[in-house]
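So, here's a batch of structures to check.
What follows is a pair of complexes built around subunit A, which joins subunit B in one and subunit C in the other.
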Partner chain A sequence: MSTLRVMWHAVLLQLALSRRDPEHTLILLIAPMQTTTMLALTVTAHRPDVVANAVLAPGLIGLWVAALDYAGRIVPEDRWAGRFSPMIATPVPLGPVVAGRVAMVVLVGAAAFAESWLVAALGFGRVLAVADPALFALAVAITCLATVGTATLLSAVLVVSRARDVLQNSLGYPFYILGGILVPVTVLPGWLHPLSRVVFLSWSAELLRGSVRGDARGWPWSVAAILGLGAAAMAAGLWLTRRYVNRARREGTVGFA
Partner chain B sequence: MRHVLRIVRESLILGFAEMGAVYTWRTWTFGWLMRLLCQATFYALLGRYVGDEATMRYVLVGNIVVLACLESTIVVISLAGERRTGTLPLLAIAPSGHLPVYLGRGLQWTVTGLTSASVAWLVLPPLLGVPLPWPRAGYAMPVIVLILVSSYGYGCALAGVALRLRGVEWLVLNFAYGIIMTFGGVNVPVGVWPGPLRVAAQALPVVHGLEAVRGILGGASTGHIMSLLGTEALVGAGWYAVAALSMDRLVAVGRRDGTLGYAG
Partner chain C sequence: MEAAVHTSGLRRTYSRRHRDPVVALDDLTMTIGQNEIHGLLGPNGAGKTTLVQILSTVLLPSAGTARVLGHDVVADTRAVRSLVGLVLGGDRGLYDRLTARRNLRFWGALHKLDTRTARRRADALLERVGLAGRADDRVETFSRGMRQRLHLARGLLHEPRVLFLDEPTSGLDPVAAGAFRRLVLELRAEGRTFLLATHDMDEAAALCDRVTLIDRGRMLLTGDPARVGRFLGDRECVDFTHPDPALTEALALLPDVSDVERRDGTGWRVHTAGRDGTRRVLAWLLERDVLTARRGEPTLEEVYLRTVGDRGMRV
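And now, the complex of A and B:
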């Protein structure tokens, strides 16, 4: 079975599972409230130039929550539900299965962009116009791809780590700050800038805002950085997944819940 | 009274033992606490970016105080956990009755909430360059305790929803404190919202207590602050009443039709 076909079936599996779990809609519940909070602050401060930040940030948060929250749950939940052993026994590697399932959840996370736009338009009368729609669509697409890569890595790290809950609860806001998703990285202290540059969100946030304003200079570099960081995370995630699956097989811990 | 204190003690022991399965003091400090500090910082940075130092201080104060509410509403997850593990009937047959035991089930979150909010209160304002006026800022600490208590009642009341509609506890928790973060005067004054929302916000915990905190920092009159504190206490008492009615009904119906032990 080709890798893409494996991923497609993984998408269908995740779709079937998510339909039975109302908590998978958490992102869609959070996004409108976050948009309202951020926009209220922006609008009352009379800063129309920051409206784009407030509308785009909940979308990026949605993607990160999808990566961190759901990706980290895939293997542990499969273990609890008794799906992990038959999954391991199939002739396909686990990595593409995890990536496919994450891709499905990331698509739900990406819907937060649309929700956020609607809240701004209907709730605040601020219709966010996109000056460069083609670049915006490209930015959203590659950001989703990078999220799938990062989520695959996070999924593996969270399975290997003994502190899964701690990491899941802790890795949100520090990355929102480092990723400059609301307040640009340039406003942060200088010593944080190098750290920000290895977080794909920082490139994505700048590119998305640039495409909305129509002044995205040097965008090919941003696209390359987002894809490069996403690919590196995906490669590391697949490697780590293969490694822990092999270890579980060797040590006879596949069936551990 | 001795019975209640004993239940509080046992609840805290149980709660912290449960927390110990997830956190060590190091992972709590450098993981969870750091996350909360970053959350308050995240919104404060937006305040500074769109406004001035005063805006940043306003947003920062709101986001520090709301941490107490955020943590105490985690009681929703603790109570839903009892449903998931099928232990609600065991708690219901306690000699003291189900109510004090159920209401005590997330008390550890009030302790961690007070710790998180206090650390943030001491550390973040000077770190972000918007120091608070001491010793007046110290007088706000008891108000944060009151907010914590009223928010805990709010969390217990909403836990009633999570106990009935199974598998939605994270949605309920995020909705519970998300509504307060959005409309509770945390980032922008309640007055900016349309009339009906403004009226509805008066029934939320945090709203009046946070206004009292801002009043203390701004040097408002004692009478004004005391009236805000009275309203916050009243709102909290209202949520405890809702929680008590909700849990009474849950147990009564569960006993009658045998569903209290369903894990869902």
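And now, the complex of A and C:
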């Protein structure tokens, strides 16, 4: 069975779990409020040129929050529930299971894009026209893929961290800023630019805005950067997860019981 | 025939900050034959779960080797995982909010079963463990006995040849525990091997071909549960029935008698010091027309208590 097949079954598992316990869909309640706040600021500041930023930002934040929130919980919850031991005793590595489950949650987070667009249209009468819909759809799709890869890495990092909650709670704004979600990277101090280039969100935000305006020059590079960074994060996440599992087997920290 | 399980000099320690490491298994060498039900007995903290976890590749040993059907649990992890099934006891270990069927299908995928096979086996196992009628109910609505049967079904999904059961009947009522044991015997008849870690002496005596008693990570004894009495050396006993307690009061005063205990109704067990003592006690009883007297074997529970000792709540 391929890794993709395991991931698919993990997606189905998460879908079933989410239907029973849809707590991570709370992000879909927050996204409209974020859109409202940001749009209200742009409207009162008479800045129609940044409406696209105000509509796209909650979508990207929704993706990030969904992935970050859930990525850090999957393995600890399985350990607490006594599922980790039997899971390790199967021939399938843990990494693809985590990635599959995160993927399902990320798909839910992606719905924040649609919500945000609807809030702008229905609440503010600002219908955000997308100049290049095909590129926009591609940008959303590859951003979701990269988010899954990054969330898999974050899951492993959070699990090995002794301060999981602190780390999880503090990984929001740094990535909103470095990812150019709230404001374009170009307005950030120059010394932050190299750092923001290794955050896939910065490429995603640029590509999404470019596809909305219809001036996404050099978009293949952006696509390659997003996919490359996402793939690198996924590879690192799978490797770190395997190391974590081996460490747990070596140190005897597989379960809490 | 190759052993189902063989360990040699197996050792497992757990590190602790600023303190000496805990030794969970210490130089454990044991062999379990194929198609055997082997009981693993010992008090809390004896190392039973650690051994089960090492054999099922969940834990790595600190030293020594462990092989399952000839495959090393460290070097050949993948092969071992396809050959063994891990069945945990207790309420945990399943996705409580999902149905029994959904749980089994997911675990089938983790054992690399294709979708059709996973569905077919899940349905067949649910039928076999008596959960077909509750297959589409959430696990959180299950009793402990039902969860336990689902644990067993999960452990059987990939048709393993060796099953490790860690206190599988812990907390079950006698009816549910009995049904579970019958299922284990059925599965053994199909050629499977079992390592059963348990606290339940009756269960071990009823199910197991051999038992191993471990404490503080070391093996204390191994053998047929019906004959483990010989491990108590000179401690023998005589069983008899007699309606008059005055007889047993007189018997207790004999120098060869260390203890007299009432078993049930008019049944008594006399503990004697050595074979000569047994002979003299039997003669003493025959002189008084107690024709039911016969030499007895200490039960597995007596052996356990004598070997492990009474440590109360300490672990």
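Simple rule for what comes next: the second predicted complex is superposed on the first by the 255 of 257 C-alpha atoms of A that agree within 3 Å, B and C clash if a C-alpha of one lies under 4 Å from a C-alpha of the other, contacts with A are read in each partner's own complex, and residues count from 1 in each chain.
The rule is simple: a residue touches a chain if its C-beta (ideal position, glycine included) is under 8 Å from a C-beta of that chain, and two chains touch if they have at least 3 such contacts.
Just so we're clear, the structure is a prediction, and the values are computed from it rather than from any experiment.
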Which of subunit B and subunit C A:Ala40 touches, first, second, both or neither: first
Touched partner set for A:Arg250, first subunit B, second subunit C, both or neither: second
Partner chain in contact with A:Leu167 - subunit B first, subunit C second, else both or neither: first
Touched partner set for A:Met87, first subunit B, second subunit C, both or neither: second
Subunit B versus subunit C as contact partner of A:Asp21, first or second or both or neither: both
First, second, both or neither for A:Leu118, with subunit B first and subunit C second: neither
Touching partner for A:Val183 - first (subunit B), second (subunit C), both, neither: first
Common ground on subunit A, meaning residues reached by subunit C in one complex and by subunit B in the other: 21
For the subunit C and subunit A complex, residues of the former touching the latter: 12, 14-15, 24, 50, 53, 56-60, 78, 81-82, 84, 86, 88, 90, 92-98, 102, 105-107, 109-112, 114, 138, 154
Subunit C-facing residues of subunit A, complex: 1, 5-6, 9, 12-13, 16-17, 20-21, 81-83, 85-92, 97, 246, 249-252, 254, 257
Residues on subunit B engaged by subunit A in the complex (per definition of touch): 22-23, 27-28, 31-32, 34-35, 38-39, 41-43, 45-51, 55, 59, 167-168, 170-171, 174-175, 178-179, 181-182, 186-188, 192
Interfacial residue positions of subunit A with respect to subunit B in the complex: 21-23, 25-26, 29-30, 33-34, 36-38, 40-42, 44-45, 47, 50, 163, 165-167, 169-174, 176-177, 182-183, 187-188
